[in-house]
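One chain, subunit A, appears in both complexes that follow, with subunit B as partner in the first and subunit C in the second.
Then we have the complex of A and B:
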């Protein structure tokens, strides 16, 4: 379980995240919505232990996460907005490298299986990533997260810039991950995709989590209205 | 972890275009520098050998009065060292020929820079130039984006999320950039090892000097790679990293060495050759302390000699007094010269010491000093040769003066007395050996320390200052 307990981040006197309390359970896909500067990326950075919280605590499976405690990161994986990886390495080589960093050594067949699981075609395995579309690279990013066997995957605007087909494939992959019992926290601007992919949605504004809703309780137009109203007030 | 990062770094670097462009350029420069250096080496070596042989032949084949022979004199040539092929250091500027002649104490003359043309005006392409300027530049191009690009591509965050620390990443990148540099530079290093070994006299290959030079350069490149990777880690973009690294290169490799040389020269200015020679002439004529001039010294010698032989006039001496008198003059001239030369040597050593301390601010200054030291083309070796040549010159002139003073027939014949081939052949030839390398180490203790201090600072920075700030990512 991924937790934020009164999690706060200040830069000088500027509060960018204010006492965030959040629980994302195993198998949940939680989507954070908000405008730029709402605190979504800061939340992800704090939950990954990339930055030190000013106060409060981030936890994964009860273990505290902070830049000084590298150990908790073994439970976490991250997919950035733009998955560039290494353009002159193939997807197999990229996956192998990042898996080794996480302490896993897979055989070529195992790596190919993981890449297959995220929907990459076998003929693409040996092509350099520089020739991949953004959607394909995003799949390699998910493969890296899968290969790490992380309990929680944090994604920062992962559908940004993807074409509709790629978004559809990505949505389906994320849903599958949730069903496999992964805890997923995703920051996004995409209200319609959020409704489609997530089990819960949070709306953030100026460092505060204003709303936390079950996706079952709201449809896309209602969410859009709520989002607009939240950012208007 | 570090091993995985370095392996990936080498793989990605070698798949890029930059290493191949750099390899092409490097090999082109190496070939040009090696060819230029080798032809220049062979030419000067050949010239020296031919001239030495000619002067030796002329010397032994003459039939002359010993003092006339002392005026005819000879020339001594500073032998080319095997590592001169790699680093010519100061040898083109400090002269390579020593004139042996009675009544004159000469400096080294015939510097190549004075006799040659455009290559000296525009800067000669040497292997040392490549080792000291081009390879660091190459390291910059290989490493400037090593970490900044990870930031730009968001791979840094994935790396962190996978469990690698900033320190592991920086060390992995450092080793990756360093080992790729070494891989690219293998031909250059092979030349550094093989070429001096091939041209050195059989059984006299300066392995210790070659090994020390190579080890120093390898350490120097590690420092440069460390600095470049560290800059890349600190900068938010590859563009900024490249700009800072290139400015660093300009400052450390081009500006500071010249500035420091200027500072050392201004702090401890050397007298001009004219002032130096005038000082010697004055001290010789008036005495070192100004109290015993040439005439007084001559009178004193006369008195002493007459007393020794119990005679009342020079004509009654059983020897040729002119020989003794000339040797006495030589002894005094040598003493005067040593006194003045010691002052100049002291100033040059002060300059070197100052440069050694300034090397703490710039590792390029330190490696330059060490490199020419290993090559035997620095001031220390120049001074060592000059000292040996002067010793030989003093013994050489002494032998001729003693022949003048004590040889049978010289007293009566005076300047009509002549010696021939059998006498000149017996005179010892000039043999020169480089000083032992330990002398070089003790002379260059400051540059060695400077490199070690830079190494320590680098290790300390990477150990305690390697935490990348994710806030800026």
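Then we have the complex of A and C:
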């Protein structure tokens, strides 16, 4: 499904991602953990085809992804760390706008259904996004990803800045997406949420994927210890 | 594109600052038209008063012919009325440069150059005005007409509307989502610019149509050229925005770059040109003309009268037919030929004295024109002034027509004065009339300015396209 094959990114002589090999299958939720500068965001940018790999290849459904071959992006959706969107449009309008950009035209009822699926309250559908909390905007971001019917969703630190209730809602949403067969790759700092939401976890350090673990085989305190040890060494 | 347009329209309606700027621009445009109408209206009132005054003088002169021998004063008036020199004195002819129907849109130099001349049989060089439009400070401090609004304020509106077409998405963090959704960021920037161009072009089109409705008569060629010029100028600034946004800087940097461009073309380049011109080719002072004219007058007055008449006939052989050597005043008397010869010689000598000044002034204009040749703002001002027939060139054409008419008027008066024929009442109806040659500017004459605008548009778009092509989305 979503693959990184010897994926490498260098800026001058500085290697920010070193021969990453990754395979995230359909229905999997893969969480990349690591400190700032570990290479998580670079991995996401390479997998979205925003930046050109120095060597190696990124693939989705077997199709190569790069800034020059952006046709493969039709299989991908993206949720940034801060979903701002257009503050003077409502969530319904934002969803309609971004869906249309992706080539999908939904009726008002269909758009409302999608917003309902991500847990947004109907009374908020027509309010301008400028008045939304970060958690609500995050939900609209997920709705946009859902409306695109993308096979894989890439998220860059999506829980950063969310309150515990919003994190909880987000976690259950992501789990649902995984169960619906979406492939999810998520970069995060949040160890406890990673254990909660993902099926697999990767720990990165200085551009290398040091550990790749099955969530079923580890609990949060063990993961935290491993994470600390990895970043200490 | 339709999606972007629909949502840009919705967003525009919810942005009070942009709506307010559109409203303020519209109000300023309408005010500038009213202001222009007021200034030109005052000139029209002046022209009307001038014509009224001439009509009254004409009636008065006519009355002098009609009086019967009742009083000594009236008898004297009737005698004077038969003298062509008195007719010329009482009734100097008005040569009026009437404003064109579009003059109020671009007043140009109409308010600083004379719009009428009193034509006599001789020329007075001291009443010539030589204020030029080459000085950008004169241009900047010029009238608040519609042309000013279009040339100086419209680019600011375009900048306010367009400086953040791509940077805003980056700052909102939606540029990556847009890129993933399939429409490239170049696409969204172009569509957003196109949307803004359509909105502002429509506004300018509507305002131009209102302006043309306010004009006394509508010339469709002028309307087409005015709109073509305005749209080209707008396209130039949109192309400039396209270029700057292609560098993918932040909104503030874009705003600073675009305002710097505006300052450069609108203020700095013309000011530098002006400073350079004043240093290298200052406006020649004509202070010596008055004393030269006085000294020359005294010199000719004291000259041999036969020499004056001979020179006059040599230079004006068409008056030979009126010359009767038997009526010659000799070397000391002042007859009609001597007086005509005096004015003719004075005119020729002063003309020769003024010639170097005129040449310096013309050279200065030519240099300024060359230096401003590629400044699109100055070219746009030139284009509007030409269309409104308020440019320096239009004034020079008027002056040339006045000179031709002055000769015609002199020929008419001299046809009585030189052979010493009496002027009769019925001769009043044969007065030559000054006709303003109302030459509508042709499309070809506006091409020079339009080509400059189009060249800049092409350059900006080409560099912008290269910028967008070579710079992938900056993450």
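The working rule: the second predicted complex is superposed on the first by the 233 of 233 C-alpha atoms of A that agree within 3 Å, B and C clash if a C-alpha of one lies under 4 Å from a C-alpha of the other, contacts with A are read in each partner's own complex, and residues count from 1 in each chain.
Here is the rule we go by: contacts are C-beta pairs under 8 Å (C-beta built on N, C-alpha and C of every residue); 3 or more make two chains touch, one makes a residue touch a chain.
These numbers come from a predicted model, not from an experiment.
Shared-chain residue A:82: touches subunit B and subunit C both. When the two complexes are overlaid on their common chain A, residue A:45 makes contact with subunit B and with subunit C alike.
By the touch criterion defined above, A:194 reaches neither subunit B nor subunit C.
Applying the stated contact rule after C-alpha superposition, one finds that A:120 touches neither subunit B nor subunit C. By the touch criterion defined above, A:73 lies against subunit B and subunit C together after alignment on the C-alpha atoms of chain A.
Once chain A of one complex is fitted onto chain A of the other, the partner contacts of A:2 are absent, as it touches neither subunit B nor subunit C. The interface of subunit A with subunit B overlaps its interface with subunit C at residues 45, 48, 50-51, 67, 70, 73-74, 76-78, 80-86, 88-89, 93, 97-98, 100-103, 128, 141, 144, 148. Note for the complex: subunit B touches subunit A at residues 1, 4-5, 8, 11-12, 15-16, 153-155, 157-165, 467, 470-471, 473. Those residues of subunit A whose C-beta lies close enough to touch subunit B in the complex are 11, 45, 48, 50-51, 67, 70, 73-74, 76-86, 88-89, 93, 97-98, 100-103, 128, 141, 144, 148, 154. Interface of subunit A with subunit C (complex): residues 45, 48, 50-52, 67, 70, 73-74, 76-78, 80-89, 93, 97-98, 100-103, 128, 141, 144, 148. In the complex of the two chains, the subunit C residues touching subunit A come out as 3, 7, 10-11, 14-15, 172-174, 176-184, 472-473, 475.
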